[in-house]
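Just below sit the structures, each encoded as structure tokens.
Shared between the two complexes below is chain A, which pairs with chain B and chain C, respectively.
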Partner chain A sequence: MAEVVFGSKIMQLLIAFILVSTFMILGSTRLYSCVRAFGIQSFLLACVAGIVAYSTGKYDIYIVALLTLIIKSAVIPYIFIYIIREIKVKKEIELYVNISPSLIIGGTLVVISYYLIRSISIISELSSLALSASMSLVSIGLFIMISRKKALMQMLGILIMENGLFLGAISLTNGMPLLVELGIFFDVLIGVLIMGILIFRINKTFESIDTDLLKNLIG
Partner chain B sequence: MIAQIIFQLFIIIALAPLLSGIMKKVKAFFQIRKGPGVLQPYYDILKLLQKDSVVSTNVSWIFHAAPVVSFVAVLAAGLLIPIYTTQLYLGFAGDLIAVIYLFALARFFTALASLDAGSSFGGMGGSREMFIASLVEPALMLSIFAVALNVGSTNLGFISQTVSGLGFDAMSPYQILAFVALFIIAIAETGRIPVDNPATHLELTMIHEAMILEYSGKQLAIVELGAMIKQLLIFSLLANIFFPWGIATGGAGAAEYVLALLIFLIKIVIIGITMAVVETSTAKWRLFRLPELMSISLMLSFLAIVAVIIVKGG
Partner chain C sequence: MVAFYLIGAISSVILNKKDSICSYFSFFSAAAGALIGAIFSISVIFGETFYLTPSQDSYLKFGFFVDKLSAFFILVISISVFAVSIFSTGYVKEYFGKKNIGHLGFLYNIFILSMIFVICANNAIMFLILWELMSIISFFLVVYEHEKPETRKAGFIYIVMTHIGTGFILLSFMIFAGASGSFSFETFNAAGMTMTPLLKDLAFIFAFIGFGAKAGIVPLHIWLPYAHPAAPSNVSALMSGVMIKTAIFMMIRVFFDFLGASGSWWGYVVLAVGTISAILGILYAVVEPDMKRMLAFSSIENIGIILIGLGASMIFFASGKPIISAIAAIAALYHLLNHSVFKGLLFIGAGSILYSTHTKNIEELGGIIKKMPLSAILILIGVLSISAMPPFSGFVSEWLTFQSLLLSFNLNNNFAIIMLSISAAFLALTGALAAYCFLKFFGMVFLALPRSEHARHAKEVNIPMLAGMGIFALLSILLGILPVYVLPVLDRITASFIGTGAFSQSISAGTFGMISIPSSQGISILTPVLLAILLILMLIPAIILLINRKTWQPNYETWGCGQPISTARNEYSANAFSKPVQMWFKSLYRPARETEVTYSSPYLKESFKFESRIEQVFEQYLYNPVVDFVMVKSRKAKLIQTGSIHAYLGYIFGILIILFMFVIAGGS
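Take a look at the complex of A and B:
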């Protein structure tokens, strides 16, 4: 991605901050701070998209950046907070893996993704940085889905994975066609709504959103 | 050369209580109190130096030796850290690893002395201090290593000089990750609020105060001054490794030294104010949640090292 000469320093910083925000989600025990960190991550992602749009001069990427800003860093966190308020869920997230081990596992995942990406030959160091960050986001999102008990955190995990894919796509291909991006955004939004409804249903049936209880049979 | 070394020692000892006083004043401002004057730590130390020490009859020589050993170890570390100039005349004697272990030596002796008197508070403080130290030391080392790896040397004076020569180019992801990691460590090392509360005395949550509870008079003055100097040194590590701009390099004239000294003063006051703001805006953490904070710091410095390797293509 030789065109993005402008802001390659800023891009590096933004990508580093995206990784830091992922670790903020991994390292906090409160639902609200997880949602806030996700909002920050999406905002940084929108900045990345904005820089790509500015340096390539494509208008459709501006639209993508704007959509990221509105949907991912405002609407989706709002839906989360709405769900947390409506079902009066306990604010502490419950974990299968404790905070310190999950941070260490997160770090290991980052190293593994860097190592894997290094074996692919990519021309510029910036896109290799972005690609390895995107891959670590995907794997950390998967890890959050596995290691957290609350259904809300599983929803957050899948959104982090989606953010990772978005980062990889935008930094490698200079943005996919607008129609594809619009489709993805619609999918994400509808997905969040459906998962929200699912969480309401889980809460209604089990009086908790702890996914551990889903193993129990209910007649 | 000897005059330079002595001047650096003098600057460290003279500025440390001032920094402490400024931080207390800022905290008082945020708590809408008037607070003691900025010069109060000097008066406290002068007052303590005029008093006799009361020592338990059960203590061994360690209790008497510990304040001196810790104080000298911290001062020696001060000669290896760039304060206002990157020209360290004793830089050949040790690098950042020596600095970390000099801090560890000071801490070890303070913890030993806390056990020596046999009071339950002392033992509690000592065990907590070592618990935190075991978490802080690897993170401290890793975070400075990230910068050292980037520059290609572990000599702190050389690191500072190189980074200041780079200008704005030095602001890279690993630099910022390592800075955040080192800032968290600085909170723990200087005993600030999420970890320890420097304003408490005789509370169950205290760590550093519990260790020095048995000391009085001149010995207490030395211990307190040592803690203030350690705080100043850690802040100057933060300032001069990550933002060394304005520091005097070798062969500078007298006017440049004065300017560098002023800039250094401004930098540590800004860091001190930031620290005081962080301290007033957070609540103290439970002791057993501290490993989480430290593993965040450890992970950030680890990421910084990974980023250095990625960008440099090592």
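Take a look at the complex of A and C:
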């Protein structure tokens, strides 16, 4: 059952790795390594889904796990790398908040998320670990969107948030209905494609994908 | 009727490409719709109330009902629409190839339809939706010539003012809905009886401000002088002639039907506002050089006169004199009908002048009576009507208004008598100024020598345009000569909301179309037919003289006083004509003058430029401070609108963290 699944050592380890991969994104200054870290995070997420599927015996969650593996850890990173190559963007990430303060803020967010989940009493002790991890992912994703200048990083941030939501959903419900999951995957994929196109357009208009330049649009 | 308007709307969109076919289709079907609408409304006035309720669902209850009052307004709309539509088939030729006729035809038809539905709505929510529809479509019509910047400004002012009005209407209806527990107008009727006086007063104030903004009462009138000149002339004829009347309709409905006209001071408010609107409207009209703006100001004046009648009616009603109240209400409705006719005539007349001369400025016109004789005669009828000259229509209704005001000695309330007498005095001044204003209009536009190239190249307008004006002109004459047939009809309508008819008990009709109103000191009699006959008799010698006149030979010698005026520069200008009024009312106009002289040498003046402006007091002292305040606050609010994605995301993030903290603090 759910408590057993999320209480198990292997699960705790995976969730810890997911958090670590998030900090890898937060702590790196290279676009490629960010994308790679995102791929690893998605792969770990697929593993979580796989374990949930194995322990509950629901076949549709296997499909979800497979889809996560394909879309999030293969297709989307590939799209990212394609964009980076096509628009010949500089490989460094430009930051508003430097790496070390970023890491400290990230850590603080994890602590806040942990306390937040702890303070909601209806959640059982065991799945609260996964939930607090998911909360941290959401807040760190948002923080990445705020603190990085490149449009690509905003895209990555929203995908990290999405991963966090996925983790939260699967830990609370042991897998949502397949139809809902399929819908979400479709959304994410289309979202990534649209954002990719948008980045191309921004690049064409401003000769850069620095979203700071969008300030010029206000009247 | 509805079908015809819809056909007109849809066909004009479909036939977008062919300008002329498109205009014939849309405007003729509008005219056909108007004809059926007129027949329908007359049948309701003499028959039973008409109900149509397509949906009786308890959540979505809506429907239409047409009682005598709404039928009268449908009749007014239909008359104007019929004439204006015929006029439009000729008038829109000016836009062929330049603008999209399909859009105009579509909006025009939908606009009329929305006005008719507004009149018929039986539910507050549906009413508000239709009211908004009417406002927004008329906004699109105002900005039809949107390539001009002043038109866009006019549209903006219009839409802001009309939405402020709708906001107040909404407040008023919410008070009713709160009292009645439903949005149906029938329950509003019942709720009006049970509401506390305070709530009634609030509902009255909100409704008066809300509908007043649409009607154009001072000081909510500022949109009228912008919006009406900016719209195409056929549309401004409808907006001024009809649309602002829908607000009067709703005032009557709210004040008499819903609220039962019970508040004793309401009538004074309406009367005072009406008087102020009348006098200020005409004062601004007198000095206005743009003829369409002048007509818009004159609409404010006429709405004021209608409100004087309405206010007097409310005062008499609240004082328990229903018969006199009915007379005043008849006067108001009659003036409303007349105004829609002669203002329609004058607006499309102004449109004709614009069509053939391409200028709206009175100062640039002149002498076009020789070029456009038929238009001139038709417009003259409108001018005489609006100046309240017997035997034309304006005279009868203003006479009735005066009579009802002078009947105030029947009240035993000194305050009311004083108020009504003051109002009558101001009405008299208004009438005189209106005559002065339109004398200037007609004289400067049609007589003397052309003042510019525009006027020199004027041509007579085409037949549909003359026909449209002709219908209005004929109606003005008929309404002026034969009020004896119109008044009983109006009496039926006012009886439906006041309760007693005046006709059998007070007003009586005699031979030769004589109308008499008995008062304690005697009888006031008006016989328009005799007046008309007398006038024609008086004209005969003049005509004989005109026909027999010998060639007139001026001899000028010596000091050259018999010398014919050779250039337009020697003529009296429109500004000069209105100068006396400008000087008498200096404190109101606050004229600003600037002179600019350039010298080629210390002794020779090279050019002399003189500029005089009058100040729009209300814009200056009432609206500008409000606008400035809003702008300052908006600029402060702009500080957080940095335009940076990161900042916006940061706001979300910050709020999220605060909420987290809140949950943590609350949970543990």
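Please note the rule applied: the second predicted complex is superposed on the first by the 205 of 219 C-alpha atoms of A that agree within 3 Å, B and C clash if a C-alpha of one lies under 4 Å from a C-alpha of the other, contacts with A are read in each partner's own complex, and residues count from 1 in each chain.
Throughout what follows, contacts are C-beta pairs under 8 Å (C-beta built on N, C-alpha and C of every residue); 3 or more make two chains touch, one makes a residue touch a chain.
All values derive from a computational prediction rather than experimental measurement.
J.: Under the stated touch criterion, which partner chain does A:119 make contact with: chain B (first), chain C (second), both, or neither?
T.: The answer is second: A:119 touches chain C but not chain B.
J.: Between chain B (first) and chain C (second), which, if any, makes contact with A:129: first, second, both or neither?
T.: first
J.: With the two complexes superposed on chain A, say which partner A:42 touches: chain B (first), chain C (second), both, or neither.
T.: In the superposition, A:42 contacts neither chain B nor chain C.
J.: Quick one: classify A:211 as touching chain B (first), chain C (second), both or neither.
T.: A:211 sits against chain C, while chain B stays out of touch.
J.: Which partner does A:100 contact after superposing on A: first (chain B), second (chain C), both, neither?
T.: first
J.: Is A:146 touching the first partner chain B, the second partner chain C, both, or neither of them?
T.: Touch partner of A:146: chain C, not chain B.
J.: Just chain B (first), just chain C (second), both, or neither: which does A:111 touch?
T.: The answer is first: A:111 touches chain B but not chain C.
J.: Considering only touches as defined above, state whether A:27 meets chain B (first), chain C (second), both or neither.
T.: In the superposed model, A:27 contacts chain B only, not chain C.
J.: For A:15, is the partner it touches chain B (first), chain C (second), both, or none of the two (neither)?
T.: It touches chain B, and chain C stays clear.
J.: Would you please give the residues of chain A that touch chain B in one complex and also touch chain C in the other complex?
T.: In chain A, positions 118 sit in both the chain B and chain C interfaces.
J.: Which bits of chain A are touching chain B when the two form their complex?
T.: Going through chain A, the ones touching chain B are 9, 12-13, 15-16, 19-20, 23, 27, 29, 99-100, 103-104, 106-107, 110-111, 114, 118, 125, 128-129, 132.
J.: Where on chain B does chain A make contact in their complex?
T.: 171-174, 176-177, 180, 291-292, 295-296, 298-300, 302-303, 306-307, 309-311, 313
J.: Residue numbers of chain A touching chain C in their complex, please.
T.: Touching chain C from chain A are residues 96, 112-113, 115-116, 118-121, 139, 142-143, 145-147, 149, 154, 211-212, 214-218.
J.: In their complex, what parts of chain C are in touch with chain A?
T.: Spelled out, the residues of chain C in touch with chain A are 641-646, 649-650, 652-653, 656-657, 660-661, 663-664, 666-668.
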